[in-house]
Structures are given as C-alpha cells and as structure tokens.
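Two complexes follow with chain A in common, the first pairing it with chain B and the second with chain C.
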Partner chain A sequence: MLIKILGRRLAQAVFVAWAVGTLTFFLMNLLPGDFAYRIAAGRYGYDYVNQAAADAVRAELGLDRSVWLQYLDWFRDLLRFNLGDSLVSGNPVSQELAHQLGHSLQLALFASLLSLLIAVPLGLYAGRQVGSALDRASLFISVLLRAQPVFVIGLVLVLIFALQFQLLPVAGFGGSRYLILPALSLALSMAALSSRMIRNATHQVLGSSYYQFARFKGLSEQQAFTHHAQPNIALPVVAFIGIQAVSLIEGIVMIESLFSWPGIGHALAHAIFGRDVPMIQGAALVMGLLFVLINLLVDLCCYWLDPRQREEGLQ
Partner chain B sequence: MSKPVVEVFKLSVFAGDSCLVSSLSLALKRGEAVTILGETGSGKSLLAQAIMGALPKELTASGDVRLFGKLNPSRHEREQMWGQQVAMLPQEPWLSLDPLMKSQRQLSLVEELVKQLDAKRARQQAQGSLSAMGLADDGNKVPSQLSGGMAQRLAYLCATAGGADVLIADEPTKGLDDSRKQQVIGLLQQHKQHGALLTITHDIDVAQALGGEIIVMRQGQIVERGSAEDVLNTPRSDYAKALIAAHSQDHFPIALKQGNAPLLKVRSLSKQRGNKQLFHDLSFQMGEGEVLGVAGDSGAGKSTLVDIVLGLTECDQGQVERAPELGPGKMLKLYQDPPAAFPREISLGQSLEDLCQLHKLDRSQLPELLARLRLDEAILARRPSAVSGGELQRFAMLRALLMKPKLLVADEPTSRLDPIVAHQTLELLIEQTRKIGCALILVSHNRRVMNQLCHQIVDLSPLEDTQRVPVDFSSACLIK
Partner chain C sequence: MMGLNTSQRWGFALLFGLIALAGAEALFWQGDIALQQLDAAFEGPSLAEPFGRDHFGRSNFARLASALRTSLLMAICSVALSSVLGVALGMAAGWKRGAVDRTLSFVVNVLLALPGLILVLLFGALIPGSFAMLYLAISLVLWVDYFRLIRARTISLIRSPEVEASRLYGFGVWYIFKRHLWPNFRKDVYTLSCFGAGNAVLALASIGFVYVGLKPPHAELGLMMVELFPYYSDAPWVLLQPLCAVICLVLSFHMIAGTVDE
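For the complex of A and B:
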C-alpha cells in the first residue's frame, strides 16, 4: 500500500513536470509582442533597448528558431534535469530557484502553521457549539474572507497594521517582522475554509453513534473526545489540507508579489513580465512539484492515521 | 426479592405536542428480563434513551425514572452510571464502534479508563474477554473487517466492560441473520443470569428466548403486557395476536412449471472486493416464475452478486448469459429502503406519469394493478413522505410491475417493514411476479422465509462466524 502511494505520487510528479512545462511554454508563445525586445529590456533597461540590442538577444538565444525546436530543446534539457539559464540574468534557473525556494517554503510553512493555529481551536469550538453566536460569527467571517482574493486581505492588513498603526513594515524582506503580514494574509484565507471543515468534521463525529457509544461505555467526555473523536476528526481534515495546497500555492504567487517577498511566486510574476521562459517553466515546475509533495505528505499522514488502509496493505 | 434497580413511572416522551411514548411504567430487577415488543418506529428506542438520559434535544419527557434507588438522577449523575452501572447495547454495532480503532484497543481502553487498570493489565483483560467470545484472532481488526455478528459481540464486550449490572439492548438483532441472532440471544441470556436486562425488539424469537415480562407497544401506547408465556401463547389484544401470527405464519412456495427455457444462466462467477473473495466459481440458472434466494451477512456480497446479474457491476471471472427477453427495462430492482427509491419533492402520481411517458406504457392497466396491490388511488396525489413504508414499498412494486419485467431483483424488500406488513408485502410480491411470469431474485436475511419461498438458495456467508474452521470463502450453491 505504501509502495502504491509512493508510486502513484511519483508518476504524478513526472506528469506534472511535463505538463506544467509544456503548458507554460506554449501559453507564453501565444502572448503578443516581440520576445527579444522584452528580454533586452529586462537586461539593459527600457531606455537602452533598440533594434540592434533586440537582434543581438535574438541571435544569442536562438529565438528565431521554430517554436517546436525551442520546445524540444527545453524538453531534452529537462530529461537531463537541466532547467536551462535565465534569459534575463544569465544564471542557471536551478540556482535562482534554489535561492528563492527557501524563502517561499519559509512563507508557506509559517502561513500553514498560523492557519492551523487559527482554524483548529476555532473549528473545534464551533463544532462543539453548533448554532452558537461564535459558530455563526465564524461562518460570516469565513464567507467574507473567502469572497476576497487573497491580495485584498493582504492590502487590508497593510492598511491597518502598516499604514494606520505603523506596527509592521509594508513590504520587503528582512527580519521576522517582515514575515508576519504576508503569512497572516495567507493564513486567514486558508483558515476561512479549513476552520469550517474542522467544524463540520467535529460536529459529525460528536453526533455519531460511536461517540455516543463511547460515552455509554463509561468514558468521560474528555476521554471519549481524546480517544474516539480526535482521530476521526483528524482524518478528513488532513485530507482536506492536501486539497488546500492548491490555494496555498496560488496564494503564494499573489502574496509574494504584493509584499515583494523574494520567493518563487515573486520570481514567477517577474519572469512573466520579462518573457523569461526558462524561469517561468522552472518556477511553475517547482510549484507543481511542491503540490505533489504536499499531497504525498498528506497521503502518508492519512495512511498512518487510518488502520483500514494499513490492514488492506498487509493482506 | 431484591429491590428493582430500574423503575420507570408513567414515562411519556413528547416531540412538541405529539406524544411519542405515553405513560409507560416498568420495574427491572437483577436476574430478570423485561422485553418491549413492537413495530419499528413505535417509540421503543426513546424509552432506552430516556432511561439513559440521552434523549435528543428536541424531545421532552415527563414522569419519573428511578435508577438504583435514586429518583430522577441529574444528567451528570446518570453519566456517572454509564458503563459502570447501566450499559447500553446499541442498534447498529458497526456504526457504534470506532471505525479507526482496532477491536482490542476499543475494549482495553474501557478497562484502562473506566476500570483504571494499568495499560498492560487492560490489554491482557481485553484479550481474555475477546478469546472468551471467540474473537481471539480478531483483536487487530477494525470494525469494517468484522462481520455483523462479530461486531455485535465486540460491542457487547465494550458496553459491559465497565461492569454494569443493567443492560439495555436496543434492537440488538436488527440486520443479523438467524445464526448470528441466536448468538446475540445467547449473550443476553447469559447477562440475565447475573444482571438485569431490558430488551427492545420487534423480533418475537428474541422475546421468547429471554422470557420475563413482555410489554407490547404500538405507536407509543402499551397494547398489552404480561409474562412472556402468557403474552406469546395467549395474546389478548388484536395487535399482539397479529404480530405473533405474522411471525409464525408460513409462506407457501409455488410449484414451478417445468420445461421453460432458462432466462438467466450464471457460470462460474468470481468476484473479489479489496482482498476479500466474495464468491468463487458460483453457478446457477433460473427460468420464468422461479424464485431464487440470495442469503448471507451484510457485506457478504449479496448486493454485488445481484448487481452483476443485472449488469450493473463487472465480475472478475465467469459469465452471465441473459435470454433475449431480458432486454432494456426488463430487468428491474426493488430497493431495501423505499423512500430512497423515490424523488422526494414529486407526487407519486407524477412519478408514475413520467415513467409512462418515457416508456410509452399503457395507463389503462393502472387501476387494476392498484387494486391488486391493495393501494388506494388517493395516494397518487401524495408525496413519498406522506405514505407509510409498507404502502410505498407496494407502490415501488407497482412501478416495477408496470414495466412488465422478466427479472425482478428484490433487495431486502421487507427488512424495514414491521412483521405484519412485511408478510403481506412479500406474499403480494410473489403473487404478482408469478402472474406476469417474471423471475424473482430475493435477497434476504431471513432464512426461514427463504426456505419456504425460494426454489433455490445461493448462500454467500462464509462459515467463519458459526464454526471457527479455517475459512476457504467458497460459497456453496445449495439447491433445495
């Protein structure tokens, strides 16, 4: 069973690598405008771009070759685990990404922890007290937050905490103070959904026959909750976190751009403006793989939590 | 005589203004059994919840409950008694066990937390109890891997591990087939020897085996009460008479016309689900007017088998050969839970009208069919929720018969109906399918009924539960 999970995710990773790269490559080629001009502008600044500079870039990078040839080039390099060089900076893409990945992971991890810190107590409480004022208030706020794109949440937080009260920096990268606002924006957006999910799972488990039976067996409320409710609540919630990985990654792109956080999302946005195709492909690839990795971890967690899966594997 | 441990005086349960249980009194002593007998949905289970102090919030109760000499204990006081003085054996054991926890752990937790044994002693104690119940090798299984009978035994162990004297068993045999039922009855009889037992059931066999006092209830009212012997042998009320009659009433098999070409030939069918072999090398054939029974526990693969026959699921090996008469719309299925088989917001008449339009059916046969199935034309104007379970199941039959099927699969068609209605419904089903020369596959738990009605029976239950022999999972096709 474990082998099956790993195998499935490995196959998915290979597919994601190919699909993401291919899709971004052709989508970029559909964009209007001359690549060589944009890249030259990225290298030398808009004021210094002229036909000669653009032609030089075109010749250097082989942009006059057919699209298919360029694609095959990229694909051959991918098979050798070579992501190519940035068209703008000239550095290897892998080197740039390795640098940025650390920052992104830091943000993602911190945001996820923060979102669980908000969602778990809130969801558990609302699930125990369904229909209470707090439950209804959390539903209202959750809908309100989910109705916004994550950068609006970020902007509002900047307006309040950075501009109004001047407690935290508006944007940028430095000490841990710079991490708080971007992580909090992402966390709020995720917690809005996961807290409701936890609330529903809690409500369902506490109303289940087996929870009632646990009480009838003589277990106290606390004991029944610890032993019979928690694992059963955790299972669907952990599975949901895997699904939420999509919105985490999507949120990273927007939030990093908004807060000028030097991670992969920020790099991706810049690479798109600069038509830096290898960087775009590389960044999208890493994000796709990150998604697969998160889901692998979730699978392993569920496998560990759910004896039904383990037993099936043994037989 | 010892003093009663549980006394109930004039207990009534209300949902708003409507009375669900009316003025029930009873007394329960150690070494005695009281059995509440009645149809499903007659408010019997509410009594158990009212004694435990776990009525759903929207219900209110009046009257008095005295537990171990304490008059109307508070919720907190009752919770203190749970498991240690009063135990409850739940209805559906599968749903009452923690789906993620291994059996042994579910039991040893009670020893550890309620009886405060240390972890090691608790484990030994739990393993000992499991062995005594014939579950020695099943400690590492989770509930979904247990059969219904095994799950019920585990639930019994868990319920009583806290050492309670008083056991309340709420429909303990629901959904179990006859051999499993006998095991549960054995457990309850055993408990009665040292403790007090309150059983809630619609099954006469259970009431008979437990003896003691019987209270017959219908729609929340006590219809009749007395010693088991009196009530079961010389019932006075009409309802008790009908209930007992329905229980022992026999069905008479219909002679099979010989010489018809078979409609359906099933050859060496095999199917595996997960890692469990449901059936292997299964063969049978059936012709017009024939009744085939499919027996076995829940989860034994009965539904899977009929779905394969109907072409709704693939089999792993083997083949199903269907005669040309079994074209589209000629193989139909009757479901276990009638309300689930009808759209909720549409009147029955409209459902039927849509069916007639879709298949261009002849509406003129409708009045006759309604009459034959003893349905009033007035129900056509109603929605499914406004019709009783028995009526709705008969209406489902009507809907199927209108299509003039050549093969009808009835998946536990009467298990949600109370015994009196169930008996009538089954008789009608047999009679009507016979009339149109339709072959019938009857999926059921009730071995007695099947023995009487079916021309052949396919038995899918592995022998593991009744005899602990090495299981080979091979299914015998028993031909009567």
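For the complex of A and C:
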C-alpha cells in the first residue's frame, strides 16, 4: 500500500514534468512576436534595440533553429536537470528557482500553519455547538471570504494594517514583519473553507453511533473525544488539506505578486509577462512538483492516521 | 426550480441587481470606457456620473458596467461550454468505457496535474489580452468537475434495472438520457454550474490582477483594482467599487447554488 502510494505520486511527478515542459514549450512557441527583439530589449534597454542586436541574441540563444530541435534540446536538458538560462537575466533558471523556492516554501508553510491555527479551534468549537452564535458568525464570514479572490483579502489587509494603521509594511521582503500580511491573507482564504469542513466532520463524528457508544460505556467526554472522535475528525481534515493544495498554489501566485514576495509565483507571473520561456517552464514545473509533493505528504499522513489502510496493505 | 430557499432568493436579487446596473448603463448612460478627462480626475459622483471618475477622469460607471458585462459574459459562456462538454463526455466515458474512457480519463489527469489557475495563466500568455483564449482556458479547467461526476454517476446508473429495461425495450440514447440520467444529474449540474460561474469570475479577475489577462484600456475588475490601488489615499471610494463588484458577483452565484447554509 505504501509502495502503491509512492509509486502513484512518483508517476504523477514524472507526468507533471513532461506535461508542463511540453505544454509551456509549445504554448510559448506559438506566441506572436519576435523573441529576439524582446530579449534584446530586456538586456540592453528599449532605446538600444536594433536589427543587429536582435540578430546577435538570436544567434547566441539558437532561436533560429526549428521548433522540434529546440524542444528536443530542452527535453535532453531536463533529463540532466538542466533547466537552461533565463532569457532575460541570463542566470541559470535552476539557480534562480532554488533561491525563490525557499521563499515560497516559507510563505506556504507559515500560511498553512496559520490557517490550521485559525480553522482547527474554530471548526471544533462550531462543530460542538452547532447553531450557536459563533457557528453562524463563522458561516457568515466564511461565505464572505469565499466570495472574494485571495488578493482582495490581501488588499483589504494592506489597506487596514499597512496604510490605515501603519503597523506592518505594505509589501516587499525582509524580516518576519514582511511575512505576516501575505501569510495571513493566504491563511484566511484557506481557513474560510477548512474551518467549515472541520465543523462538519466534528458534528458528524459527535453524532455517530460509535461516539455515542463510547459515552454510554462510561468514558468521560474528554476520554471519548481523545480516543474516538479525534482520529476520525483528523482523517477527512488531512485529506482536505490535499484538496486545498490547489488553492494554496494558486494563492501563492496571487499573493506573491501582490506583496512583491520574491518567490516562484511572483517569478511565474513576471516570466509570463516577459515571455521568458525557460523561466516559465522552470517556475510552472516547480509549482507542479510542489503540488505533487503536498499531495504525497497528505497521502502519507492519511496512511499513518488510518489503521484500516495499513491493515489493507498487510493482507 | 420551484421552491427557492432564502439564500437563493437573495442571490437572484443580487445578481439581477448587478445585471440591471450593467444594463442600465448600456441603455441610458452609454459612457465611453476609454474617454479621458484629466482635469476631472477623481470627480465625485453626480447624476451624469453616478460613480464618479477615475485617475484619468474616465467614467467609473461606464468602466464598472463594462467590466461587469465582461465578467458575466465570461461566467455564462464558460459554464455553458464546460457543462455541455463535461456532461456529454462524462456520459460517453461512463457508458462506452474501454478506449474512450481511458483516453478521456488520461486527458483529465493531465489537466488535474496542474492547479487550474497556472493552466489559465499559461493560456493567457499564449495570446496576451485575448478574451477567447481565456474563455477556452477557463472552460478547460471547469469541465473536469462535470466530467468526473457524470462519469461516476453514469457507470452506476447504466447498470440499474430501470435503464436496462429501457434498453431492452429498444429506447434510444436520447430517451434514456432524458428519462433516466438527466433527472439524476440535474441538481448536481446546477450546483456545479453556480460555483463554476463564481470560479470563472474569480479566475478572470485573478489573472487581470497579475497583469496577464485582458489588457488596458479594457475595463476588467481585477485590472481596475491594480490600476486604482496606487491612488488609494486620493480616492479610496474608487478602489472600493471593483472590490465590491467582484464580491457581490461571486457571492450572488454562490448564494444561488443554495447550498451555502449546508
């Protein structure tokens, strides 16, 4: 069973690499306009671009070869984990990505932790007290937060905490003060959904016959909750984190762009705007692999939490 | 669609309000979204310009209404395409199984390997500022949900005694679809469509916001936010307009789904 999980995710990762690589490469080759001119403009400034400069760039980067040759070239490089050089900055893509990945992971990790810190206590409480004022208030806020894109939440937080009260920096990167607003925006948008999910799971488990039985046989509420409710609430919640990986990755792109956070999402949006093909491929690839990695971790957590899955594997 | 609950009634009221706003502008005001009057920048609301003017002195009402029409068009078109495609292909895969099912499921797995917004971003880069391209990309992301649901439903339904009986009587595909399958799908397709419409609006605003979607001078809700954000301290009420418009639009679609209060 464990082998099966690992195998499935490994296959997905290989698949993502191939699909992203091929897709981005051909998408970018269908772009209108002359790459060489754009890159020359990026390097030398728009005032100094002429035919000679564009031709020099074209010859240097091999942009005059056929599409298929360039594709095969790229694919060979990918197998060697060589993602090429950025067409704009000239630095190796892998070097830039390695630099950015740390920042993105930092943001993703803090945002996820923060969202759990908000969602778990709120969801558990609302699930125990269904219909209470707090339950209804959390439903109202959750519906309101879900109706807006994550960057609107970010914008509103900036307006309140950075511009109005000047407590935190508007955007940029530096000490931990810069991390608070981006992480909080992402966390709020994720907690809006997961807190309701936890609330429903809690409500369902507390109403179940096995929980009732645990109470009837004389366990205290605390004991019954720890031994019978918690594991059963945890399972769907952890599985749901995997589903939320999509909104986490999408949120990273939006939030990094909003807060000028020097991560992969910001790089991806910039690269698309500047038509920097190797950079787009690299960034989309890392985003895709990050997505697979989160799913793998969630699978492993579920496997570890659910004895049924482990026993299935033993038989 | 008979018994609407409270949330659905409010949702429809909100949606029709927004449509009426966008329609009234087109009928009675007919403003120009690109006409600049720099001396009238951030002019307050008046009867001629109920929402004031932006940093270039352009009519906010005209721009907001145009952006709302764009978002609504995107929502309706992409939901229409993705639901028809998703239901038709989902049924084909669940009914025929075999090679058809394997091929379609493979395509779905490719699409699911990447988060939807990344895919839309890549498509948006293909032809910058093209509505049609974004429409295609958003529909491509949305149809997967329908496909997976309908395929799973069809597999179990097609083996049920009543469908088997219908087939033995010699009824055709259309009859079985209309009589047995569609009544089973209807409710879920409706819910998926409502959330799909909301997601389409969110996606369009999101990529406009990172400057990869529709290009200026096009009025688009996400783009308007980026444009107006630097002028927050001069005129916060102008920035609030596209913010509120997105929230109201998406909220109305979510409320129409009717499952908000669980």
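As a working rule, the second predicted complex is superposed on the first by the 315 of 315 C-alpha atoms of A that agree within 3 Å, B and C clash if a C-alpha of one lies under 4 Å from a C-alpha of the other, contacts with A are read in each partner's own complex, and residues count from 1 in each chain.
Going forward, a residue touches a chain if its C-beta (ideal position, glycine included) is under 8 Å from a C-beta of that chain, and two chains touch if they have at least 3 such contacts.
Computed from a predicted structure; not experimentally measured.
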Task: Touched partner set for A:280, first chain B, second chain C, both or neither - done: second
Between chain B and chain C, more residues of chain A are touched by C
Practice item. Examine A:305 and indicate which partner it touches, taking first as chain B and second as chain C; both and neither are also allowed. Key: first
In the overlay, answer first, second, both or neither for which of chain B and chain C A:218 touches.
first
Check whether A:19 is in contact with chain B, with chain C, with both or with neither, and answer first, second, both or neither. second
>> Quick one: is A:246 in contact with chain B, with chain C, with both, or with neither? Answer first, second, both or neither.
In response: second
Quick one: classify A:210 as touching chain B (first), chain C (second), both or neither. first
**OP:** Based on the superposed arrangement, let me know which partner A:227 touches: chain B (first), chain C (second), both, or neither?
**Re:** first
Both chain B and chain C touch chain A at residues none
The chain A residues in contact with chain C across the complex are 12, 15-16, 19-20, 23-24, 27-28, 30-32, 139, 143-144, 146-149, 151-152, 155-156, 159, 163, 196, 200, 245-246, 249-250, 253-254, 257-258, 268-269, 272-273, 275, 280, 284, 287-288, 291-292
Chain C residues touching chain A in their complex are 109-110, 113-118, 121-127, 198, 202, 205-206, 209-212, 222, 225, 229, 232-233, 236, 243, 246-247, 250-251, 254, 260-262
The answer for chain B against chain A in the complex is residues 52, 54, 79, 82-84, 87-88, 90-92, 95-102, 109-110, 113-114, 140-142, 144-145, 155, 158-159, 161-162, 164, 274-275
So, in the complex, the side of chain A touching chain B is made of residues 208-210, 212-220, 223, 227-228, 231-232, 235, 305-308, 311-312, 315
